[in-house]
Structures are given as structure tokens and as C-alpha cells.
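Look for chain A in each of the two complexes below; its partner is chain B in the first and chain C in the second.
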Partner chain A sequence: MGVVIETVALKKTYGKHEAVRGLNLSVRAGSVCAFLGQNGAGKSSTIKMLLGMIHPTSGTGSIFGHRIDREKESLLIRQKAAFVAEDKRLYDYMSVAQIIRFTKAFFPRWNHDLERRLLEQFELPTERRIGQLSKGMRTKLALLLGFTRGCELLILDEPTEGLDPAAIEDVLQIVVSLAAEGTTVFFSSHQIAEVEQVADHVLMIDRGKLVLDAPMDQVKEQYRHIQAVFPEPVEERDFRVPGIEKVRTEGRTVSLVASHNVDSILEHVRMLRAGSIDVLPVSLKEIFLEKVKSR
Partner chain B sequence: MLLYKAWAETRVRFFAGLIAACIVCVYNIHVHAWQVEMWTHDMQNPNGYHFSWMPLGIHNYGWYLWQYLYNNYLQQVWALFALLFAFGGLIRERSSGTVLFSLGLPVSRRRWLFTRLAVAVLESIALSLFAVLVVVIGSAVIHQSYSLTQVLLHTALMVAAGVFIIAFGNFCYTLFPGNYLCLILTLVLLGVPYLLLQTYMQHLRYFGRTTWLRYFDFAHAMAGPWLLNWTTVPWMTLLATWMLTAAFAGIAVAYGDRVDY
Partner chain C sequence: MCYICSTVFRKPNPSSGVPIYVQVKEQIRHAIETGALSPGDQLPGIRSLAETLVINPNTVIKVYRELEQEGVLEIRHGLGAFVAPRRRGQSKTEEIRDAQQMVREFVETLKEQGLGEGEIRRLVEAELAGEFQRR
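Right, the complex of A and B next:
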């Protein structure tokens, strides 16, 4: 499968603050790729650079082979990529019907059927002005305007923020169905449960650097939480083995988070004469907290 | 669709401009008879004012229209609304939070800017033509005759020189921070020297004097001489104004291309 999004040593600085520090990432065509990170980790800056809204300080990137730092190519990118921003502000003075008509004019492959279906599903009042819509309604409208563009790539920045649980479920279902039709989805989110539900690839960013880039299945299979009890107290330095991401010792009990190499780690733990060893799966939330807290 | 958006954002200002231009034209046409009476009285009174232009004001309605509308009040109203029509664009959308939606569309930053400027220019032209219509109707009501060609030429000169205001306004709105702060700053930066210089230079001209400040009297450049024809059109002034317009638009484009949203 081809690569849709690619960045090489992408960097963005604001004064002395480095928002994105040499980011190398790639997103495969047809995947649903989650882009995770804390607030201020560099997610939105990366997305904005991908869409030509901010200029990289250094490094390069491309979407569908078009360079992100060239205005003319950026236009081609935005013809093929739909974007829904985190702050889903739309033109308050337009009505729902007017902004749909306005947006539709720029996208020849507009999905009219999906537009009709989503208008009904989201119960959006077409004649009401956007300024009079609730935050949830505005979010739904912004998502409708993104989903229906008929684009090959969907970039969503915190797509479900401000939605109720039923609407979140609807949105995730739409994301999954669009992906099934071949749309590549790249979305940032703080809602780890949602990410686990729909994503097939995870990118994690912390302080502008990529800290995890793996398929979801691999993350679920390879990450393990190992708990061992030893006859004597042990120290953290006893667990310097490749694959161990984090060590926490409490007297004779040791908690390890392993990202790979689990068999060798278990062998090592046994060699240290552990009395009991438990191997448990790790949730994406735990991995996320591990990755962003350990730095 | 971009034109529609720019129009939707400025139509309230446009209609306010029509009302303001209508009020200015109707008022000045309405007080014409009273003004003529006052000047006549002054001319007959040895202690009254005796300016050289007074006979012209008394006997030539065309001059009156030029002096009170195109050299003063209509021009000021037009300039104010031209500045207001230019207010907006991507930088301002950053304050209102809609810029990411706009930039997510397959439209270049330059196209956003030039659409905005085009709508501001079109609205300014429409405003000036509306004023002509009010003058035509108002003058018919008070039974005064004048040269429609002259009125149209003055309208054309006001707009031709006045495009500088739109470009300068857009330039300021691009550079200055804040939403309404930048509007106030622009109005002060352009409005104060424009009005002060206009008043001062008109005062000097009443007494047949002039200074080097005349080169900066933008209001006079927009008004031109009261009898306009091919030879009296201030071509050099227009050329300088257009070059400045192009320079301000060019800087706004260059800055707009570089800015991060």
C-alpha cells in the first residue's frame, strides 16, 4: 500500500519554543491513523503544516506526493484532503444550507447522498444560522462538511470534542465506513477509547517528537504489563533489558511495561528468581500515559 | 462563492454606506438655496466675507456640487466606507476562529485577498454611482442644472484615486493586531492626516496660498480641479497613487503568504 502522508525531519519553532522537533512520520493509504499526544505536544502544529496553514521551520513533507511547503501543491492537497479543525468555528452569518452550498462549490466529488443522510442523522436545521447553533450542532455541521467532500484523505483534529456519547458513536461509525470505502483517515484525539475502537495505526507524539509509530494490532499484541514478586527487594537497574519501557519497584514487587521482546524479558525476570510472574495486556491509555509521562 | 462570502460579510456596511451617502447628498442639495442666499448676502454686505469663489458658488450649481460633495463631505463619507469595505480577510478570520475552515478549502491565500479587495472596490464603485443617482434625483427636485459629465468624471476620479484607501486599509488590517483595534488604528492613521491636511490646504487655497504639503493632500487628489477634462485630470497624482496602491497590495500579499495561522 502506498504512503499518503510523509514527513521528513519536519520542524516548527515559535521563537525559542520548538513545537515540532524533526518529525518523521508516514501514513499508509486506506489506514485509519490515530495521532495521539498531550495538549501542546505538537499535533495541531503538525496538521497545520501538512495543510499549508503554517510554514515548517525546516524539514519537508508531502501528501499524495505533493510538497506541503509549496503553495501551488498545497492547493492540490486541499482538493484531495478534507480537514476538520479542532476549533470547529464556521461562518456565523451563514445558515446551515448556505455553508453547505458554499463548501460544496469547491469540491466536484461532493457526496450528496451522504450529505442528505448526515443532515437527517445529525438533525441539523438547514435554515438556522450557524451563530444560533449549539456547540454540538456546530461540531456535527463541521464534520458533515468534512465527511461529504468526497476526498481521498480525511484529516480530523479532535473530531468528537463537544459531542454527546450517541453522536460520538455515530461519528466513529461514519469514520469506519469511509475508511472501508478507501478513504485514508488521519485524526488526532484525546479520547483513547475512541482511538482503540477505530484506528488501525497509532502515532504518538510528545513534545514535538514521535514516540510511538506502530499498527494497533502490534501495539495490542506486543505491549505487556509484567508484574513480578521477588524473595528479596530488587532495584530498577536490574531491569535494563531491551524492550522494557518502564520499571516501577515497590519493595519486592516490580512492575514492568514491555513494548517488545517479552519472552527475553520474562527469561531475565525468571533468572532474577522471581517468585510469581503475571503477564497482563496493556491498554492504549496505559501506553499513552507511559510514553508521555516517562519523558 | 468567494465573492458571495465577501459580499455577505460586508453587505451591512455597504447598505450603511448607501444611507450615509444619501443623507450627505440630500442634505447638501437641500441647503443649496440657503447657502446661495447667505453668500449673496455676504457679497452685498461690505463687512461680510468676500472669498474669490463666492460668485462661482452663487451662480454655478456644478461648482457647488463639486465643492460640497466631491471636494468635501461625500468624498469623506466615501473614503470612510471604502476603508470599512476593505476590513476583513484571513487575518481577521484568525480572531473570529474561522480561518482554519477557510484555509482548509482549496483556495490560495492570494485568491482570498484579491477577492476581498475586488469586492471592496466594486462596493466602493457602487456607492459612488449611487451618490450620482441621488444627485441627479435631488437636483431635479430643486430644479438645478449641472453637467452630468462633470459629476461622472469627479466620481471616476474619486474612485480612481480612492483605490489607494482600500489598499492602504487592507495593508493595515493585515499588519495590525486585534480585531477592532486594527480598525481604529487604521481609521486614525489614515483619517486624521487626511482630514487635517484637507482642512488646512482648503484654508490656504481660500487665500490663494499653497505649501509643499500639497503633495500629501490626498483629498485634493481625489477631488481634482472643479472643471475636469482630459488635460486637467491630475495624471501624475493618479500615477503616484496607483503605484502606492500596488506597493501596499504587494506588501499585504507578501506578508499574507508568510503568515502562520
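Right, the complex of A and C next:
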């Protein structure tokens, strides 16, 4: 399968602040790729660079083979990719029906069936002015406009922020059906549970750098939490084995987080004469907290 | 939406640490063991199941492909996924019943040795997690 989004050593600095520090991303066609990170980790800056809304300080990238840092090619990107921004900015003076009519005039591949389905599902008041919509309604409308464009790539910045659980499930369901039709989805989120549910690939950034880039199943299958008790007190330096991401020792007990190589790690732990060894799965939330807090 | 989707399948728990495809595979196996699905029954289409469970379509593809390799399902190209004919020998239901008896006796033995329910559960889960890792 081809690569839809690719960046090479992508960098963005604002004055002295380095928001994005040499990002190498690659998103495959047909994937639902989640982009995780804390507030200020560099997610929105990355997305804005992908869409040509801000210019990289250095490095480059491409979407569908079009360079993101060349204005003409960036236009082609914006034709093929739908983007729903974090602030969901829309024309306040238009009504819901007006903005839908206005938007669809630009997109020949507009999905009329999906438009009808979403209007009903989201219970959007078609005659109300956008300026008078609640935050949740506004988000739903922005998503409707993005989803129905009939695009090959959907880029969503915090798509479910401010939505109630029922609406979130609706949104995720549409993401799933668009993915089934072959649309590539790239979305940033703080909601780890929803990411685990629909994404097949996870990218995690912290302070402008990639800290995790792996298929979701691999994350779940290879990350393990290992706890062991030894006859004698142990120290952190007893546990220098590839695959160990984090070590915490306390007297005769140790708690390890392993990202891979669990067999060899267990072998090592047994060699240190562990009396009891527990191997437990690790949730994406724990991995996230581990990755962003360990520095 | 197909009728099977709503009765046989439950939404997987994304945060459990067990990959979603493993959870859905277990649901299908369970449905076959309990007789909710019989040999020859058709499973939902990829898109339909992905939408019902709100999971990634590639996950459904992985589930069907692996169950086909394990001989549980048959993929007929252009038609979809079907429950494979039962293999010879002891039926799955009987196997499960026997296994249940073994587990019961095993748990009794551990309890007699003074282990609590929580301890037993933890041991079994740790063993399975380790087992899964070794595979």
C-alpha cells in the first residue's frame, strides 16, 4: 500500500521555542492513524504545516506526493484532503443549510446520502444561524462538512472535543465507514479510549519529537508490565536489557515496562533469581503517560 | 444491518490491553461454541461489522483472515465469510465442558492450599499474558 503522508526532518520554531523538532512521519493509504500528544506537544503545528497553513522552518513533507512547502502543490493537497480544525471556525452569519449549500458547490464528489444521514443523526437545526449554535452543534456541523466532501484523506484536529458520548460514537462510526471505503484518516486526539477503538496505527509525539510509531496491535501485543520480587534487594542497573523502557526498584521488588523483547527480559529476571514474576498487559493510556512523563 | 451483528457481537473493550482483534476472534469462537453460529452461517460483511462494533475495518479483515487460517471460517471470494464445517472428533462444546471441569478442580486445589480468589485470578491472567507473549 502506498504512503499518503510523509515528512522528513520536519521542524518548526517560533522565536526560540522549538514546537516541532525533526519529525519523520509516514502514514499509509487506507489507515486510520491517531496522532497523540499532550497540549503543546506540536500536534497542531504539524497539522498546519501538512496543510500549508504555516511554513516549516526546515525539513519537508508531502501528501499524495505533493510537497507541503510549495504553494502550488499545497493547493492540490487541499483539494484532495478535508480538514476539520480544532477551533471549528465557520461563517457565523450563514445558516446551517446555507453553509452546506455553499460548501458543496466546491466539491463535485459531495456525498449527498451521508449529508442527509448526518443532518438527521446530529439533529442539526438547518435554519439556525451558525453564530447561534452551541459548541457541540458547531463541532458536528464542521465534521459534517468535512466528512461529506468525498475526499481521499481526512485530517481531523481533536474531532470529538466538546461532544457528548453518543455523538462521539456517531463520529467514530463515520470514521470507520469512510475508512472502509478507502479514505485515509489522520486524527489528533486526547481521548485515548477512542483512539484505541478505531485507529490501526499510533503516532505519539512529545515536545516536538516522535516517541512512538507503531501499529496498534503491535503496541498491545508487545508492551508488557513486569513485576518481580527477588530474595535480595535489587538496583536499577541490574536491569539493562534491550526492550526495557522503564525500571522502578524498591528494595527487593522491581517494576518494569517493556516495549519488546519480553522473552529475553523474563529470562534475565529469572537469572536474577526472582521468586515471583507477574507479566501484565499495558494499556495505551499507561504507555502514553509513561512516554510523556518519563523525561 | 444484519441481524447477527446485534445479537452475537458485543463492542470490544478498547482499553483492556487485549488487542481488539483478539477480543472479536474470541466472540466469534464463542458464538460457534454456543451454537449461536452454525457451520455454513454467513458472517457480517467487513464494513457492516466495523460499523456495528465501531472498530477499524482492517481489524475485521485481520479477524476473518486469521480465523480462516485456523480453519474456523471459510472465505468465499466475492461472497463473504462463512462458518467452516465442523472438524471430526470431539465437538467443541464437549471440549469446553471437559475443560470447565478441569478448571473447577484446579481452582478447588489452589483454594485448599490457601490461595484467595484474587490471587488465583492474577496468576491465571499473568500466565495467559506471558503465554500470549511467548507465541
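Quick note on the criterion: the second predicted complex is superposed on the first by the 295 of 295 C-alpha atoms of A that agree within 3 Å, B and C clash if a C-alpha of one lies under 4 Å from a C-alpha of the other, contacts with A are read in each partner's own complex, and residues count from 1 in each chain.
Everything that follows uses one rule, which is that a residue touches a chain if its C-beta (ideal position, glycine included) is under 8 Å from a C-beta of that chain, and two chains touch if they have at least 3 such contacts.
Since this is a predicted model, take the numbers as computed values, not measurements.
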Given the touch rule stated above, what does A:Lys220 touch, chain B (first), chain C (second), both, or neither?
second
Should A:Asp87 be classified as contacting the first partner (chain B), the second (chain C), both, or neither?
first
Give one of first, second, both or neither to describe whether A:Ile287 is in contact with chain B, with chain C, with both, or with none.
neither
One more residue to check, A:Val279. First (chain B), second (chain C), both or neither?
second
Quick check for you: in the superposed arrangement, does A:Val4 touch first (chain B), second (chain C), both or neither?
neither
Once chain A of both complexes is superposed, is A:Leu75 in touch with chain B (first), chain C (second), both, or neither?
first
Can A:Val202 be said to touch chain B (first), chain C (second), both, or neither?
neither
Tell me, which parts of chain A touch chain C in their complex?
30-32, 169, 172-173, 176-177, 179-181, 192-194, 196-200, 216-217, 220-221, 224, 262-263, 266, 277-285
Could you list, by residue number, the parts of chain A that touch chain B in their complex?
48, 51-55, 71-72, 75-76, 78-79, 82-85, 87, 89-94, 101-103, 105-107, 142, 145
Spell out the residues on chain C that touch chain A in their complex, using ranges where they run on.
12, 14-21, 46-47, 50-51, 54-59, 62, 122, 125-126, 129-130, 132-134
Of all residues in chain B, which touch chain A in the complex?
1, 4-5, 8-9, 96-101, 103-109, 257-258, 260-261
